[in-house]
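Each of the next two complexes has chain A plus one more chain, namely chain B in the first and chain C in the second.
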Partner chain A sequence: MTSDIMIPFYQALTEDVTALSAPQDSLQDTRREALERFAAAGLPTLKTEAWRFTNIQRFLKEYPYEFSNTPATTTANVADEAAIAGLDSYRIVLVNGHLQASLSNLPEGKGIHIGAMSASTDAPGFSKWFNQQKHLSTESLANLNTALFADGLFIELQANVVIDKPIHLVHVYTSDRHAFVQPRHLWILHKNAAATIIESTVHPKQEAVAFANSVTEVVVLENAELWHYNVQQGAENFRNVNTTAAQQGADSRYHHFSFTLPNTPLTRNNLSVILKGSNTETNLKGLYLATGSQHVDNHTFMDHLQPNCNSNEHYKGVLLDTANAVFTGRIHVHQDAQKTNAFQQNNNMLLGDKANINSQPQLEIYADDVKCSHGFTAGQFDEEAMFYLRARGIGEESAKALLVNAFSHDVTDEIAVPALQDYIQGQIEAIMNN
Partner chain B sequence: MLTIKNLHAEVEGKKILKGINLEINKGEMHAIMGPNGSGKSSLASVLAGRDNYTVTEGEVWFNGKNLLEMSPEDRAREGVFLAFQYPVEIPGVSNINFLKTAVNEVRTYKGLPPLEAKEFLKLTKEKQQLVDFNTNLMNRSLNEGFSGGEKKRNEIFQLAMLNPQLAILDETDSGLDIDALRIVSNGVNKLRDAEKSFVVITHYQRLLEYIVPDFVHVLYNGRIIKTGTKELALELEEKGYDWLKEAEHEKESV
Partner chain C sequence: MINSNEIIDDIANKEYEFGFTTDIEMDIAPPGLNEDIIRFISAKKNEPEWLLEWRLKGFQAFKKLKFPNWQHFELPELDLQSLSYYAAPKKKKQLNSLDEVDPELLATFEKLGIPLNEQKALTGVAVDAVFDSVSVATTFKGKLKEMGVIFCSFGEAVQEYPDLVKKYLGTVVPHSDNVFAALNSAVFSDGSFVYIPKGVRCPMELSTYFRINAQNTGQFERTLIVADDNSYVSYLEGCTAPMRDENQLHAAVVEIVALDHAEVKYSTVQNWYPGDKDGKGGIYNFVTKRGICKGERSKISWTQVETGSAITWKYPSVILQGDHSEGEFYSVAVVRNKQIADTGTKIHHIGKGTRSRIISKGISAGHGDNSYRGLVSVGPRAENARNFTQCDSLLIGNQCGSHTFPYIESRNKTAMIEHEATTSKIGEDQIFYLNARGIDTEKAVALIVNGYVKEVLNQLPMEFAVEAQKLLSITLEGSVG
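What follows is the complex of A and B.
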């Protein structure tokens, strides 16, 4: 699955898509169709409804990126930068999407299939589930990923498999040229299976900039449960468009957390969840703490197709300096999805003079017996609380750190892995005390 | 220890303190009484450094240092403590984490190393007992959902933990039933020593039966209009404030 394309990147994306040759593999037809869809729609512009507040073209033009599909490797030292103190876990290291087995420690056992996407196309779940989440084909950058991705991580847990420890998935992005990398993952949990996956990102210090356009497909089947944490430790030399497309079967539980930390200039998280069975539970929790001129766009879509499902979405943002954030919370409750509970909240602390948030709930409700709500707030530090803390000898910076941690607690309290909870709270404190 | 000279302060353009003079020496217990709205909490706020108050005239010296030039946190680190009339609820900040941060920041300021976890716990246990502070409240969010009495006990518990030189207690007695009042007062009395001073602001003589003051001041309309000993509190209990108010207005109209 290797093909480096040496035509000017931005020109290829905008004018000459046909010159991009997709990897020749068993997915050729799917890839060609995706490329055609991409060619037809083109890159999103500010007129594209889902991209009104994020000028993706500006970021794509910023550097002369090259498509980089060649496997890269990294060192243990670099991978260790993602370490979470006190976390007892398996570790899987992916470099620009390519599995580096020498640094990985995979769970093994009956019914566990974990490996590179490129080596897993014959796995039973692959053909059944690959690129099946229907919202993927409507997103231009996801189509680009489908057409041209090189590799990623495939996980298939057969019925009743429960992974005993969290899987720490460390994404390393590295290249000596400005690179556009497109990892592609597919994780399938069959009936009653359960797992916890913690994603981290690492960017070795280097001159070149990596632009990731990654897609993760998540399939949580009947009564299965997935805790999915995406810790986006940032870097100046990174741009991140991250698409997670999930689908849930009956009685399943999917808990998705995203933590966006400084300093990645662009983060766009597309997250869509399709509920295909009833009695499901979905928790979407987000925390974005942005500094400098970071742009963080969380674009979420809860698609309620079936009755008696609960979804609970809570995104909290702390925006310093001139950071800019966008939150879109689309909830679609189909006519059959009676007794749906769908809640959504987006709360922000605007701490920089020029910090800004654009928040838009989009509720489309076609069933009559449902409970749906949404809310939005944007505020500053509570003066009374600040004074109270300072009057006890706590300095202004530490007081702010305490209050930001306090603000984040409805999200951080829900983290079910104590070491990760400590890690995130520690990160918040370190950022605020900086 | 504390010298207040001709202190004038405003809030939102409104003159609240109109020339306060007060001298507090080591080891003394001062009570400030006065009708609602006379400026008692305002005085406490100005001393603690609440920034919506503007000092327009006067000086405040604490152990030879200009208190008014210090940030609120530095005042606290120098040894000024205000027990709030209305303690603030801060959801998401645990009581214990808050205390640890406060104690250690004050220690760092004084050039002391942070307390080891074990020492901190020991200190916490010891001081909790002083005001019979419920251990279950330690891991809860700071003051969130606490009853009025629990909040007030928490203030005195914090006072005991931080061990300041000057403690200003703003209506710590309000919201306490008689048993709680006794416990809290006993706690305060145990903290008294020759090096520490207290200012207790109260409406009621009741508190002063437990915490016996050396001096009683009456604050009215932004000024201290009378100073006496503990007998003055009894007199106020009996006669109210009107006789003093009238005397004050006569003075003004002269």
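What follows is the complex of A and C.
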């Protein structure tokens, strides 16, 4: 117990764990162990290296959060707020992590298992892959999630299953009291399977604040391919700590995109990819557009364990007003991971007078036959480009929007779903014109 | 109840215990670190009261500080109580001719191209009349004095220029800065003091090599360089010759102050004993180096070539306080066998229009572990600050490690910061190209490595650069193939 807010926290937790674990006996031990680890380590402080620039305790103390695990429901109107124009998809709606079947359209077919986590504990993939990534157990908030999660979405695609349309996963957070919610997801793609998953977040405008601490485990096995987009539309009364732990088998491809848009005061994205097979491809792309006093923290970890893998990471940020951004990218190349190509870039545009950025691009390399690099820049609008546009009769605001759009191109251009690409570009324009 | 008289008695007795007159004859203080030893050192050096107090403050800070745990290596256990903190400068054993010197050492000198007479001076052979280092040094000293440049040992400066020392000591690296700096503040043995008066451009490179009394300054060296308005100085530390030393821990402190329009260039070549193949017995080089550009348009530039020591752990830093001041850091760090280097720089942009440039080249071979760790911070007042950082790593062999941990913090939107880092190995095609032209692999590697570090070596004074180049080739000998 390292901090004063821990004690009431912990008491609430122990009660909750007891209540939760009764119907799900198989997880009782896992939950208790995770809770013990959480209690031993405590919440991260500013002295915890990985949380040096994000004062998580301050955000947790902001409101008297309650652990809310009771299933809630929402309406079609609310879920529609996340709609992406022109997107043909299977929509799945989760309310505080609980699947709402009445609003969802689940893809069906041989070898497709999509359903609530709570109803999937017997699935063969569940016991094999649930909470199996070692480093998850070293992260305080992930332990808390493991101990306390109520539900989430389980996806298992058997070998050779290809989902024909993107799955649009709409997370709705709603509660009449300030809630601390712990959604937990596990997605498994077996050999040669392929899918596209687009996540969106909706938080209906109401007084209560929701703090989501979600964990998604992604397993992409041999020669499988997953396109994973996380669109974080913001809301004033929403706080988001989002952990994605992915692992890849041989010849697999994993493409992860995160788009952090304005309004949510706190966004922390923990993203880790462990390469367990060789000849893989990994793309991690991020775009954060922060306004007001928003705090956006992207924390990524690429673990190269096997030879002949390629990883490409590119995070771009536009910071307005007094927005605060943090980027930590660690690439670890183990001794066996020869012929690794690992690249990382973090570019920032500081447009607000008091905006600031803290960046730590790190390389840790133990193999010699590798090509690795990282780069960082922080700067402003290019004056010459600005002048060029202004000289051609383009107003200052439009010119800025145009330049920000161009700056984001490295990320937006890689989006493989045209409707989503239009949507993100539209969002950038709308924000810049405001 | 202890009354005040008793306390006074107590203190009086204590001082008596270490009476100045008797102990002054002693050459080595008993092992152990405590207040009495610090008083003893201070008394030995006949220091004024304020300096003793400053040392004691350093000791208090040292007791409170903890050893860090964030570094990328395991800190070996240091038994600071078993060290002796004072030893009178020892006379080196005089040898009659070079025949008595370790042939391996001579072979190294040969490769470095060090002139015969210098070889003699370095190994402690009596120097003949042609090359009299003392007279060379005296001529230089006279010239410096004429221009008003003060260049002397720290102890001398405390006696002769106490006001200058008092004004600047600890202003850049405070006595409580970090655990090793605090230890140094408490027990520093000696070091160098440099003062360049207003408007003077120091006519020669100041090197510890030419300073008499410079030998054996011990493991807790302290250097203070002050460059007054519109002055310039280039300072060299260390030499390419392999240095053996019985002290395992070296915790030195270097402070630089640059006033308006002043420029200080500080170059280091470090080749301390790295230990045997398993890394046993090498030197721990834990140094705190920091400069402050106090005046406007001042400049501080660090250049370092680090090839020795079992562990090199230092971050020469620059605080850019004056408007339009400039900081530079050029580094080459080579590790082989079980050597470890965790080095880099910190640049704090505080003033307007401040600029900094960081070029770091790491080379890892054998089982060596090389880390670049750096901080570039831009404060809210640092309008139009500019930074460029490049840190490259070269890996030779698949047992070594190379890491980069930069920290970048920007609080000003007008700042332009660029950082790039790459890691790669020597291309087989490059080696093949050179092999095909009759250059053997070892020489080819030396050639490629020298090309790779050229940007840094170019910053060194010419003679130094030539030696450093040869040093690199020797260091990497046997690590390929």
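The definition used in the following text is that the second predicted complex is superposed on the first by the 409 of 434 C-alpha atoms of A that agree within 3 Å, B and C clash if a C-alpha of one lies under 4 Å from a C-alpha of the other, contacts with A are read in each partner's own complex, and residues count from 1 in each chain.
Throughout what follows, a contact is a pair of C-beta atoms (placed from the backbone, for glycine too) under 8 Å apart; a residue touches a chain by one contact, two chains touch by 3 or more.
For clarity, every value in this text was computed on a predicted model and none was experimentally measured.
Peer 1: Here chain A is shared; do chain B and chain C fit on it together or clash?
Peer 2: Fit - chain B and chain C, as placed by superposing on chain A, sit side by side.
Peer 1: Contact-wise, after the overlay, does A:F387 reach chain B, chain C, both or neither (first, second, both, neither)?
Peer 2: first
Peer 1: Once chain A of both complexes is superposed, is A:D368 in touch with chain B (first), chain C (second), both, or neither?
Peer 2: second
Peer 1: Between chain B and chain C, pick out the one touching the greater number of residues of chain A.
Peer 2: C
Peer 1: Who does A:N356 touch here: chain B (first), chain C (second), both, or neither?
Peer 2: second
Peer 1: Thinking of the overlay built on chain A, is A:G395 touched by chain B (first), by chain C (second), by both, or by neither?
Peer 2: The first partner, chain B, only.
Peer 1: Return first, second, both or neither, reflecting whether A:A378 touches chain B, chain C, both chains, or no partner chain.
Peer 2: In the superposition, A:A378 contacts chain C only.
Peer 1: Report for A:Q338: first if it touches chain B alone, second if chain C alone, otherwise both or neither.
Peer 2: After superposition on chain A, A:Q338 lies in contact with chain C alone.
Peer 1: Put down the vertex angle at chain A formed with chain B and chain C, C-alpha centres only, nearest 10°.
Peer 2: 80
Peer 1: With the two complexes superposed on chain A, say which partner A:L403 touches: chain B (first), chain C (second), both, or neither.
Peer 2: first
Peer 1: Quick check: superposed on A, how many Å separate the nearest Cα atoms of chain B and chain C?
Peer 2: After superposing on chain A, chain B and chain C come no closer than 16 Å at C-alpha.
Peer 1: I'd like to check the shared interface: which positions of chain A are touched by both chain B and chain C across the two complexes?
Peer 2: Common interface on chain A, chain B vs chain C: nothing in common.
Peer 1: Help me check something: in the complex, which residues belonging to chain A touch chain B?
Peer 2: Checking each residue of chain A against chain B gives 382-385, 387-396, 398-399, 402-403, 405-410.
Peer 1: Over in the complex, which chain B residues touch chain A? Could you list them?
Peer 2: Checking each residue of chain B against chain A gives 48-52, 71-73, 75-77, 81-82, 84, 87-88, 90-93, 97-98, 101-102, 105-106, 109, 141, 158, 162.
Peer 1: Where on chain A is chain C touching in the complex?
Peer 2: 49, 335, 338, 348, 350-380
Peer 1: Touching chain A in the complex: which residues of chain C?
Peer 2: 70, 380, 393, 395-425
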